[in-house]
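Each structure below appears as C-alpha cells.
The same subunit A turns up in both complexes below, where it pairs with subunit B and then with subunit C.
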Partner chain A sequence: MLGFVYGVAAMGLTLIWGVMTVINLAHGPVIALGMFGTYLLFTHLGLNPYLALVPVAFMGLIAGFVIYGTAVHRVINAPHLSSLLATFAVNMIIIGLGTAIFSTSPQNIDFPLGSLEIGFLTIPYTRLLATLGAVLFTAALYLFLYFTRPGKAIRAVANNRRAAELMGIPSSQVLALSFGLGTMLAAVAGGLIATFFPFTILSGGPYELKSFVICVLGGLGNPLGALLGGLILGGLEGLIPAFMPVSWVPVVEFGLFVLVLLVKPSGLLGAK
Partner chain B sequence: MKSWKRNVVILLTILGLLLPAAPSVFAAEKTVIIGYTASRTGKLNVEGMRQINGLSLWIDQVNAAGGVKLPDGTVVKFAAKDYDDESKKERVQELYTKLISTDKADFLISPYSSGLADAAAVIAQQYNKIMITAGAASDSTYKKGFSLVYQAYTPASRYLTGALDLLGKLDPSAKKVAIIHEKDKFSTDVVNALKAYGETKGYQIALFEGYDSGATDFAPFINKIPPDTQAVMGGGHFADTSTFAKQLFEKGVKAKMVALLVAPPEPKFAELGDAALGVIGASQWQPEAKYSEEGAKKAGVEWFGTSVADFDKTYKAKFKEEPSYHSAGGYVAGLIIEYAIKKSGSTDTAKVKEVLDGMNLMTFYGHLKFDNTPKAHGLQVGHEMVYTQWQKKDGKLVNQIVWPEAAQTAKAINYFPR
Partner chain C sequence: MKSWRQPGFWLPLVIVFLWGGIVLVLRQDTVRETAFTVLMFMALASSLNILLGYTGYVSFGHIVFFGLGGYTGFYLISEQGWPLLPAALAGGALSGVIALLVGLAVLRLRGAYFALATIGINEAARAFVSNFGPFGGATGLFVNFSAYEKYGGAGQALWTTFTFLWITTLAVLVVSYLVKHSRFGLGLQAIREDEDAAMVMGVQAPRAKTITYVISAFFPGIIGTLYFFKNGNVEPGDAFQLHMSIEMLVMVMLGGMGTVLGPMVGATAYQGLRGYLLTSPIFKDLHLAVAGLILLLIILFVPAGAVGWVRGRLPALRRVLE
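Now for the complex of A and B:
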C-alpha cells in the first residue's frame, strides 16, 4: 500500500535526475512542506485533506519554479557538486524556516475514516485512499509526459538536450517545468503521507532516503522504474515482518539494493 | 595626648570586631547559576519544553520570595543558563562542558530523556557538580558509580509494572501480553523490567519487539500482535507513542488494555481524538494528585515548597496550558536544589551533597528520597507512579487516575470493547 506513495515521491526525484541530472537534496523538505500544506489547509480552512492535495500540488509546482529559478538554473551546467550544494542549501533554508515557524512538535491531521476489515486483515481507509491518490497522480503524470506537447518536450530534453534545443524547444522553460513537476510530486506524496502519519518539518528526510533507494533500484531517470521500486520497497516492508523481527527490514532491503547494484547497476528498468 | 591615642585604639578595635560581621549588615547577594540544556527542537521537544517551563516557574517563584537566605546572611538568588541540545547526545556533552567552564554554572539540571541525561551525567561528575536529573528514568545511569547525580523521577524498572497489577484487577483471566517498544535506553529498561515482572506473575509475553526511535509506521508490528492478546504495552516517547496509539486504533486492535509510556499523560495526547480513548499511561505526577502538608505530617516526612493547587494555578496562569508531569519534574528539580541549599546553609557541592544523600522529603510532586548506597547512588526510591486513562466525560476526553486504587479518580475501563 505504502509502496505507491513511496513511488510518487521517488518519481519526482527521478524525473529531475532524468531531465537535468541534478540530485535534488531539497526533496525531503518539500515532502514535509506538502505535509504542512495539507495540514494548514485542513486545520485553518477546513478543507478535506484529499481535496487539499490539488492546491498543494499547485503550490508544489510553484515552489519548484522558485527553487529552480533561484538555486538550480545557474549551476545546471556546473559540476554535480555545485547543484548538490545548491539544493542542499535550499534544504537547510526550508528546514530552518520550518523549524522557526512550526517548531518541531509533531503535527497530526485528525481525519479518521475507519478501517476496512477483510477476514483477519484490517486496512485503514486513509491508506486505501492514499494508494488511490498515488495511482491517479501517476496516471496523470504518464498522460502528461506522453500525450501533451510540454510532456513530449520534457522527454525530448531528457533524451538529448542539445538536439531538443536545435529543434526549437525552449530548454530552460522545459527544465523549470520538470523541476516544478518533480517538486509537485514530492509535495503530493507529503500530503498523502500526512493523512495517516504524524509529521514534523524534519519528517521528509526518511522519505527522501527511501526515494533515493527506490530510484536506483528502479533505474535512475525512469518514472515507471521508480513506481516499481516503490512497490518493491513497500511490499518488503509489509512482508518481511511476517517472518522475522521488524528490525531486519532495512537489512533485507539494503541487501537487495546492493544485489541489484551488483547484478544490474543501471537499476531494474534502467537503460543499458 | 595619651587619651587621644587610647581612643583611636578602642575605635579601631571596635571597627575590627565589626568588620567580619559586615556582610550581615549589608546583606550580600549571590546569584547561583542553574545550568542545563533542553530539547527546544528535535524529536523530544514536547517533553523538553514542558520541563523548561516548570523550571522557569520555580526560578520566578523562588526569586520573587526573596531567594534563599544562608546563615552567614548571604541571599542566594537563582538564574538559569540554558542551550538547545536539539535532542542530540553529541551536543549535550559539549554544551554541559561549556555551561560549567564558560558560564560558571553552580548546579546542573539534566536534559530531558535518559539517553541525553546519561551523557550529561559524565560531565557533571568530572567537573564535581551536582546534577538533578528530571525526565531521566533509566535505572542504569545510577549504577555507574556517579556520586553527584540525583534522580527526580521514579526509575524505569518501576514504570509500567503497576499497569500489570491493574490488568490483573481488570481481567483476572488475562494471560497474553504483547510488548512493542522504542529501542532507546529508557524504554528498553522499562520493558525489560516489565517482561521480567510479567513472567513472575505468570503472564505469557506473546510479542516482544522494538522499533527505531523516530519510527512512524507501526503497521508491521501491529500485524504481528496475536489476535487473542489481552494487553498491549510499551511505546517510548511522545512523538512515536502517539503515532503508535493512533495506528493501534485504526487497525482495530482488540485488546482489553493498552498501556503506553510518556505520551498518554501529556494533555496534547487528547488531540488524537477517539484513538486516545481507553489508553492508559504511566505518569510521574498528575494535577489531581493528593500530596499535602497534612499528609506529610501524618507520614512523618518533612514537607517543602508549594502546594499541588498552587503549582497547578500558577503554571496555568503563566503558560496558558495544563501542566503535565514533565512540567512538574522541571519544577521539582529546582525545588530539590533550593531545599538542599537552604538546609545545608551553603552552596558548596560537598555540603549540598550531604543533605541530598540524607533527604527524605514530601513535596507537591510526591515523596522524594535518594538511594545513598554506592551500588545505586542517586536512584529515586521514594517516588511512586500513578496510572492515567483517557475516558469520556460528558462527551469530552478527560484523563483520569485509575491506579493505584488509593489515588483513583475513576474506575478503569476496557480499551476494547469500548
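Now for the complex of A and C:
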C-alpha cells in the first residue's frame, strides 16, 4: 500500500532526472511542505485532507517554478556538483525557514476513517484512499505525458534537448514545467503520507532517500520504473520484518540500492 | 619538483603551524575547542578535495570513512585498551582498506550515479553499525575513563588529541600539495577534464582513481578516531551524518575546488559564518536558511570559489595561492 505513495514521490524525482539530469536534493523538504500544506488547510480551514491535495498540488507546481527559476536554471549545463549543491542550498533554505516557522515538534492530521476488514486482513481506509490517490495521480501524469502537447514536448526535451529546440520547442519553459511537475508529485506524496503518519519539517529526508533507492531500482528517468520500484520497496518493508528485526530493513534497502547501481545502473526496467 | 622552494607549498602549512602553535602556547580551553573544530573540518575538506577537486568525482557520502574509522579507533581504545596513536592509525587504515574494496566496485560509476552510490554506502553503513553488536548497536560506545589516565587525566588527554589533529591537518595539506604537483596528480586532473581522453593518453584511470579514493578515505578515518575520543562517546547518528558530508562539499566549493588553500579558506569561512549566525540575535532561528542562501549565491555567481576567483583575477598570485 505504502509502495504506491513512495512511487509517487520517486516519480517526481525521476521525472526531473530524466528531463534535465539533475538530482533534486530539495525533494525531501518539498515532501515535508506538502505535509504541512495539507495539515494547515485541514486544521485552519477544515478542508478534507483529500480535497486539500488539489491546492497542495497546485502550490507544489508553483514552488517548482520558483525553485527552477532561482536555483536550477543557471546551473543546468554546469557539472553535476553545481546542480547538486544548488538544490541542496534550496533544501537548507526551506528547512531553515520551516524550522523557524513550524518548529520541529511533530504534527499530526487527526482524520480517522476506520478500516476495512477482509477476512483476517485489516486495512485502514486512509491507506486505501492514499493508494487510490497515488494511482490517480500516476494515471493523470501518464495521460499528460503521452496525450497532450506540453507532455509530448517534455518527452521530446528529455530525449534530445537540442533537437527539440530546433523543432521550435521552448526548452526553458518545458524544463520549468517538468521541474514543477516533479515537485508537484513530491508535494502530493507528502500530503498523502501526512494522512497516516505524524510528521515534522525534517521528515522529508527519509522519504527523499527512499526515493533515491526507488528511482535506481526502477531505472533513473523512468516513471513507470519508479512506480514499480516503489511497490518493491513497500513490499520489502512489509516482508523483511517477518524474517529479521525491523532495524535491519535499511541495511537491506541500501545494500540492494548499491548492488543495483553496480550490477545494473540502468535499473530493473533498463531504460536505455 | 622542488616543492620546498615554492611559496604555494609553504603558505598553508605555515598558517596552520603557527595557528596550532599559538593555541598550544595560550593553553586556553575555549580557544582550543574552536581551533579543534575548524582544523577538523579543514582536514576533512582537504581530504575530500583530494578526490573531488582533482578527479572531479563527487563523493556525497564521504563522512562514511570518518564514521567507520572513528568507530574502529574508538572500539580499539575503549574495548581493547589500545593507546590513541595506533588506534587512530588503525582507524585510518581500516577506512583505507574499505575504500579500496568499495572503490574497486563503485568507481566504475560516473557522475551522478557515483554520487548516489556514495549516499547509499553511507546509509547502509549507518544502518549496519546501528545493528552491529560489538559496536554497541544504536546506543553506541562510551569511553572508559581510565583510558584518559594514560595521558595524565581527561584535561591533558584533550590537549594530546588536539596536537595529533594539528599534525594530521599538516599531513593532509602536504599530501594534498604533493598529489596536485606530481605526475600522478596531473593524471588525475586529466581524468577530471575528460576520463576517456585521459585513458587514451595512457593514464591508468581505474588504478589512479582507486589510489586517490584510498588516500582521501585514510585521513577522515584518523580524524574520526580523534574526534570521538575527544567526545568520549560514539553513536551511529553522529558518526554517519549525511549533513556533515554535504557541509564538507560546501566548504570545498566555498574555498575553491582543486586548490590546496581552498578547503582551508572554505572550512574557516563556513565555521566562522555558522558561529556568527548561530549566536546573532537576528539570524539565530534562520541560520540554516541564510547559510543556504549564501551557498546558492556562491554556486550561481562564483562557481570557482574564493581562491579560484582570486587566482582568476590576479595571475601574479597564482604561484602563492595553490
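Simple rule for what comes next: the second predicted complex is superposed on the first by the 266 of 272 C-alpha atoms of A that agree within 3 Å, B and C clash if a C-alpha of one lies under 4 Å from a C-alpha of the other, contacts with A are read in each partner's own complex, and residues count from 1 in each chain.
We adopt the following convention: contacts are C-beta pairs under 8 Å (C-beta built on N, C-alpha and C of every residue); 3 or more make two chains touch, one makes a residue touch a chain.
Everything quoted here is computed from the prediction, not taken from an experiment.
S.K.: With the two structures overlaid on subunit A, would subunit B and subunit C clash, or do they fit side by side?
M.R.: fit
S.K.: Which one hits more subunit A residues, subunit B or subunit C?
M.R.: Of subunit B and subunit C, more residues of subunit A lie in contact with C.
S.K.: Output check: A:Thr99 vs subunit B and subunit C. Expected answer is one of first, second, both, neither. What do you get?
M.R.: both
S.K.: By the touch definition at the top of the document, which applies to A:Phe65: first (subunit B), second (subunit C), both, or neither?
M.R.: neither
S.K.: In the overlaid three-chain picture, which partner chain does A:Phe144 touch, first (subunit B) or second (subunit C), both, or neither?
M.R.: It touches nothing on subunit B or subunit C.
S.K.: Taking CA centres, what is the subunit B/subunit A/subunit C angle in steps of 10 degrees?
M.R.: Here the answer is 60 degrees.
S.K.: Once the shared chain is lined up, is A:Val246 touching subunit B (first), subunit C (second), both, or neither of them?
M.R.: First partner only.
S.K.: Could you tell me if A:Ser203 is touching subunit B, subunit C, both of them or neither one (first, second, both, neither)?
M.R.: So A:Ser203 only meets subunit B here.
S.K.: Between subunit B and subunit C, once the two complexes are placed on the common chain, what is the minimum CA to CA distance in Å?
M.R.: The answer for the closest subunit B-subunit C C-alpha pair is 5 Å.
S.K.: What is the shared patch of subunit A, the residues that subunit B and subunit C both contact?
M.R.: Overlap of subunit B and subunit C footprints on subunit A: residues 99, 245, 247, 249.
S.K.: Given the complex with subunit A, which residues does subunit B contribute to the contact?
M.R.: Contact set of subunit B toward subunit A: 41-43, 45-46, 183, 209-212, 214, 216-217, 219-221, 223-224, 227, 238-239, 242-243, 246-247, 249-252, 271-275.
S.K.: Which subunit A residues qualify as touching subunit B in the complex?
M.R.: Interface residues on subunit A, with respect to subunit B: 2, 99, 103-106, 108, 110, 112, 115, 117, 120, 122, 124, 126, 196-200, 203, 206, 237-238, 240-242, 245-247, 249.
S.K.: Could you please specify the touching residues of subunit C with respect to subunit A in the complex?
M.R.: 52, 56, 58, 60, 105-106, 108-109, 111-113, 115-117, 119-121, 123-124, 126-128, 130-131, 138, 246, 249-250, 253, 257, 285-293, 295-296, 299-300, 303
S.K.: So in the complex, which bits of subunit A are touching subunit C?
M.R.: Touching subunit C from subunit A are residues 17, 21, 23, 70-71, 74-75, 78-82, 84-86, 88-97, 99-100, 209, 212-213, 216, 220, 245, 247-251, 253-255, 257-258, 261-262, 265.
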